[in-house]
């Protein structure tokens, strides 16, 4: 009796399974190809020298991206300094204090902000800051923070929401005020999630190039202060990759490799942390 | 142990003689426009266990949460009527719900120790988080006292530094009771405190409730009628009326309610002929 | 210490039963004393004391009802409570027999004695002894002792037969003694019934221990 109905159903079943597997396979293949290519190319050009020495003009041999690495670190720290407090406060507001209507509006705004192309963010920062004060590390950090805020805000909100309401009730029932219960009960409970969010945000802005084009400008010399243009890894990769100098192109590969490694390591750390947080 | 018997003997006169610790007058509780509890009047005697029983959805938990202003924590929830505690209406304007909750503690259905805190920190959380400065030795003393009162000390004295979440369900619930005791309330409200526990843990909590009446007043909501019989001195029976609002059908000593209920609906419910 | 409250209340109930038992035991011996020593004041005390015994019965019954209604007793706990409910009936009735004897003591008043009382006090002592043993067996959950007490009932039955025959000869030889002899026969009869009630109590003890309702095999006299 079931035989007749079963056959087409089984076929459809296998077909859909195949389609899904194909999609997943393509995604994995693309990632593997990309990583493999960068790894293969980058590994052959990377060296200790690349990390510790300054860049050299086109046509010369050797040189490295020390200034760019330091610049990226500074920019990431700068962006985080602005985005982490703002993002966390936004996330806490969304999950703890906002009335449903206000929260929905803020959440929508954060989602839109997250979806804004990074080049638009760059243009925005250029108009608002750079056109007034000139190219600077600070303007780049501000631009990066705009990208980071929604990431931090949403992950903070999500992980705060995952803290069971029963814990908040427990705190309230002990005669603890609302804000103290948020600080001492809800935030500690959500901490691993919040830190994961911050690290994801860091990974995101570490690789951003477009906003830097309009704000950091780039700088071949070592760090000169927050008010001066600053160099950064993605920026230099962009510049070098487009040049015709062979040494520069090789260094671009090495830089790309370094950048991918940083982002990959952060992602792995986040995964490890969130697994540990759950256990 | 003598107090157990005394409490039992006294239970018959609880209503007439002693001054009630909570006087509930015409209390209605709302969620938005929906009235969940309708016109409840009852006097809750001090240092006794009062049980609120009734089928699911009859508003018993909602009523309980009105007693320490936890009801209004939910979105768009509000309460009408008066609840007199210590001669003051806890719903009068200017009364701080945080203060009320220090006097009237609560234990919830699911054990909810703070997972990020140790056993010790859990017990003293109420005290530590509501004052600016606390002395460590004092906190340890307080924790031991409350854990002993909650009959948990012997089981956890070697695990004070472990996470509160590492204990068993029954131990967690007693930890939550210890945590409520540490605020030194006069009344402890318990919202189905045993429904997530196994029978042995349940019996331990029930025994604990009896011994706690030496110092505290307990109001317990339970869907387990037998439990109400076992632990309480007074029993209130609630039922959903036609407009889906919970009503107090009958309130009296547990013995009277269980052996000779005045209302036919109470009798139907406790004899299992309900619905 | 599981179910602290229930254990306490169950123990309380049993203590109350023992209290009632000793009240009844005392009533038996005091009524016989009143009879033997022509002590009317003591007889009145026994009659008065029966009210307390009756009240005790109602109190214990109420405790049983409360325990059953609120504590869901099962297995042996349930048997104890059911047994106690039965035992208080027997105890109360034994108390009534003692009251009856005290009333007879008052009726006899200062009539000249028919004969010195020897077997009747022996019956009384034996009934009291059986009762004491029964309550002891109840406390210790001792079915063997309970069965032994039941066997001892025949001793009281035999004494009753003896008293009955003896008083019969008085009545046959001198009809003017019928009144006084009949009163003593009632007394003996009351005591014999008391001992029978004690055997009922013992059967309940066996029930608590074994869970079986058994009529322990002793030939009961028909009345």
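For clarity, chains are labelled A, B and C in written order, and residue numbers in each chain start from 1.
Basically, a residue touches a chain if its C-beta (ideal position, glycine included) is under 8 Å from a C-beta of that chain, and two chains touch if they have at least 3 such contacts.
On a predicted model such as this, the values are computed, not experimentally measured, just so you know.
Enquirer: Common contacts of chain B and chain C?
Expert: Correct list: empty, since no chain touches both.
Enquirer: What pair of chains is linked by the most C-beta contacts?
Expert: A-B
Enquirer: Which chain's mean C-alpha position is the greatest distance from chain C's?
Expert: Comparing chain centres, A lies farthest from chain C.
Enquirer: Quick check for you: compute each chain's CA centroid and the global CA centroid, then name the chain with the smallest gap between them.
Expert: Centre-most chain by C-alpha means: B.
Enquirer: Please compute the C-alpha centroid of chain A, do the same for chain B, then give the distance between them in whole Å.
Expert: 48
Enquirer: What's the distance between the Cα centroids of chain A and chain C, rounded to whole Å?
Expert: 92
Enquirer: Please list all residues of chain C that touch 2 or more other chains.
Expert: There are none in chain C.
Enquirer: Which residues belonging to chain B are in contact with no fewer than two other chains?
Expert: Where chain B is concerned, no single residue meets two or more other chains.
Enquirer: Hey, which residues of chain B end up touching chain C in the complex?
Expert: Per the stated touch rule, the residues are 1, 4-5, 8, 200, 203-204, 206-207, 210-211, 226, 229-231, 254-255, 258-259.
Enquirer: Can you tell me which positions in chain B touch chain A when the two form their complex?
Expert: Listed in rising order, the residues of chain B that touch chain A are 68, 70, 73, 75, 98-99, 101-102, 105-106, 108, 110, 112-117, 125-126, 129-130, 176, 179-180, 183.
Enquirer: Taking the complex as given, what residues does chain A use to touch chain B?
Expert: Residues 100, 164, 166-167, 169-177, 180-181, 184-185, 188-189, 191 of chain A touch chain B in their complex.
Enquirer: In the complex formed with chain B, which residues of chain C make contact?
Expert: Touch list, chain C to chain B: 1-6, 8-9, 12, 65-66, 69-72.
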